[in-house]
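There are two complexes below, and they share chain A, which is joined by chain B in the first and by chain C in the second.
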Partner chain A sequence: MSEPRNVKNLKDRINRIEDILASVAAGDMDARIETEIEDDLSGIEAAIDLLIDDLTDELRQREKMQKELETKLKEIQEQQRTIVQQQEDLLELSSPVSKVWDNILILPVIGTLDSQRTQIMMENLLQKIVDTGCTISILDITGVPTVDTQVANHLLKTVTSARLLGAECIISGISPAIAQTIVHLGIDLSTIRTKATLQDAMIYAMKQNKRSDEMKVLSRNALSDEKED
Partner chain B sequence: MLELAPDRNFELLGEYAIETEYDIVMARQTVRQFAKKAGMGIVDQTRITTAVSELFRNMYNYAGGGKVLIERGDVESHDALIITCIDHGPGIENLELAMSDGYTSGMGMGYGLPGTKRLVDRFEIQSKINEGTTVRIMKWK
Partner chain C sequence: MDLHEKRIPIIKIRDFLIVSIQVDMHDKLAIQLQSQILEEIGRTGAKGVLIDISVLEMVDSFIGRMLSGMASMASIMDAAVVIVGMQPAVAITLVELGLEMPGVDTALNMEKGMEMLEKRLKDLEHNFF
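Up next is the complex of A and B:
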C-alpha cells in the first residue's frame, strides 16, 4: 500500500473536501477526494465523490441532449427554408399558361386563388397573350373548390385585362354547385363568356378560330376582286 | 365581447384563429369537412364553405384577423351547423348599408355580407364601433 497522499489531521482533510468542491463548482469534473484512510470521515468523502460522479454524468447527458436539440433545430430551420422555397416555386409553377392550338391559350387553375397567386396568374396570362399573339384564352377553374366574391372579382379583373389586350377570355369548369353559389352571392358574371367544361370551351374556341379564318379568306378574296376590277 | 342570443346547448366542434390568408383556406376546408360529416349535399357544402370564406376574408381584410367557433346543435328542431366569427376590429358603422347589395367600404365587390346571408339559413350580426364585430351563421342539415 502506497503512502497516503492525504493529510493526517482532520482539519487538512476538511480543507481538501472544500478545495475539491470548489474546483467542481468551478467546472473541473475530474477532481475527486480519493481518500485512502478508513474512518468516520472517509464515508462522507466517498459519498461526495459519488455525488460528483453522478453530477458529471448528468452534465454530460445534458450537454449531449443540448447538442442533439441544436442539431434538430438546425434541421427544422433547414426544412423551413425548403418549404418557403417550394412555396415560391409552386406559385410560379401553379399557373402554367400553354398554347394548345393555333391562337388558343389554356390556363388551368387548381387549388386556392389567393391575391398573391391571382396576381402571378394574371401576369403570366397577359404576358403570354402578348408573346404569342393568341386572341382566345381559356381559364379552366375545374380545380378551384371555392369561388367567393374575392375570387370572382379576381376572375373578372383578369378577363377585363385580357380583353384590353385584344384577347377573349373564356372561363370553363364551373360546377353546378359553384354556379348556384355564385347566383346566391349575387355576383354578375354575365359579362364573361363561360362554358361548363373545358371541352365545350375548346369547341367554342375552335369555332371562333374557323370563323376568323373564313373572315380572312373573305377579305383576301374581296381585296383580289378589287384588283381585278 | 359582443354577445349574441344565449346559447342553447351546442356541441363545440372546433375553435380556430384567422391570422393569415393560409388560415382562411385551412378553416374553410375544416368547415367543409364538418358539413360533409353532418350529411350535407355537395351544393350545401359549397354554400356554407363560400359563406364562411366571405366572413373569414372580412375578418382578415378589415379587422386584422379574428376567431372562429364551429358548433353543431339543434335550432328550432333543425340539425344545424353553426359558425361564429368574432373579431375586435373597427366595427361596422352602418349595418344596414353594409348589408345592402353593391355597397363596399373597401376593395371588394359589395356582395360579401348580403351574399353570405342568402347562402345560409340564419344570419345574425352585431357590431360596435371600435369594439368589433360578431357574425353567426347557421345552416340546416
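Up next is the complex of A and C:
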C-alpha cells in the first residue's frame, strides 16, 4: 500500500525538522532546515530556522560575556593579591626595631595603631630582644595620634611579655590626647615605666645601663676578693 | 625512686641551683620538678634558683602556674627564682593566659640571670652587716 506522495513528503519534512532540532540540541549551531518548498509547513520551518539563528546569537553573546567576566575576575584577583602583599609589606615596614646603643632597642611607632599591627609589632620586638640580647627597649609612640582600649591593652601585653623575657620595656612620647584617653578608659599604666620624650627614655635607659655595668664590676670584684680570701 | 622515670637534673653551683629544662614538660614532670627543687633548696640552703626554659617551645596554663607558684614557694624559703631564656611565643602565650607572673624575676640568658642573683645576694649581705 503506497501512501499519497504529499503525505510521504510531509513525513520526510517532519523527520528533517526533528533531525535538525536534535543536532542543534547536540550543539551544532550551523544546522538549518532551509526548505525550498512554499506551503503551510514552510512557514513553521522558516520560524524554526529563525529561532535557531536567535539562539546561536544569544549563545555567542553569552560566551563572549563569560570570557570578559573571567578576564575581569582574574584582574581583580591579581589586584587583590597585590593589595594583600602590599599590606603585609607595610605591616613589616611599619614596625622597625633598631638597636641604638649597647643593650638598648628602639621601636618608633608612627601612624594609627590597630590590633593586627600591634600584634606584629609585639612579635617583632620580642624576637629582636631575644636575638640581640638587649635588656632595655623603648617603645616610642610620639607618632601615634590616638589609642583605643584594645591597642592600650596590646601595649600593656607587649610590656609584660618583654618583662617575662627578662627585658625592660619603656613607653615614651605619650601625647596629651592619649594620656587623657588612657585615664578615661580606666587603664592602669602604673606598672609600666613611661617617659615624656624619647630623649628622657634614652637617658633613663643609659642610666640603667651604667648601673648594670657598675653591678657587673662590683660582682667581678667580689668574686676576685673571694678568691684572694 | 623509679629509675625509668625522667628526671630533670638540678645542679648546685655556689649558692645557686641551676635547673635546665630540656624536655617537653608534662603535668606530672612539672609537679615532680617543683617538689624536687623545693627539697633541694631545703637540703642545700641555696639562695637562688635559675630555671632555664630556653628550649621550652610551648607552655600551658598549668606549667605557667607551676612556675609562678614555685617562685612564691621558693621565696618563702628565702630563695629567689629567676626564669631564664623564655621564648617570645611562650611569653605571649603566658600573657594571653593572664599569667603575668608578677613576683617572678626573669632574665634574657643564663649569664644575666646569674648576675641578677649575685646582685640579690650582695644586697642581702649589705643589709645584714
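Quick notes on this structure:
Keep in mind that, in the parts below, the second predicted complex is superposed on the first by the 117 of 229 C-alpha atoms of A that agree within 3 Å, B and C clash if a C-alpha of one lies under 4 Å from a C-alpha of the other, contacts with A are read in each partner's own complex, and residues count from 1 in each chain.
The rule we apply is simple: a residue touches a chain if its C-beta (ideal position, glycine included) is under 8 Å from a C-beta of that chain, and two chains touch if they have at least 3 such contacts.
These numbers were taken from a predicted model, which means no experiment stands behind them.
Judged by the touch definition given at the top, the superposed model places A:Thr112 against chain B, while chain C stays out of reach.
Applying the stated contact rule after C-alpha superposition, one finds that A:Asp148 touches chain B and leaves chain C untouched. Shared-chain residue A:Ala167: touches chain C; no touch with chain B. When both complexes are overlaid on chain A, the residue A:Ser137 reaches neither chain B nor chain C. In the superposition on chain A, A:Lys216 contacts chain C only, with no contact to chain B.
By the touch criterion stated above, A:His184 is placed in contact with chain B alone, chain C being left untouched.
When the two complexes are overlaid on their common chain A, residue A:Leu126 makes contact with chain C while staying clear of chain B. Of all the residues in chain A, the ones that touch chain B in their complex are 112, 114-116, 145-150, 152-153, 175-178, 180-181, 184-187.
The touching residues of chain C, when paired with chain A in their complex, are 83-88, 90-92, 94-96, 100-101, 106-109, 112-113, 115, 118-119, 122. Residues 122-123, 126-127, 129-130, 133, 135, 157, 160-167, 212, 215-216, 218-219, 222 of chain A are the ones touching chain C in the complex. Contact residues on chain B toward chain A in their complex (touch as defined above): 21, 25, 28, 32, 42-43, 45-47, 49-50, 53-54, 57, 101, 108-109, 111-112, 114-116, 118-119.
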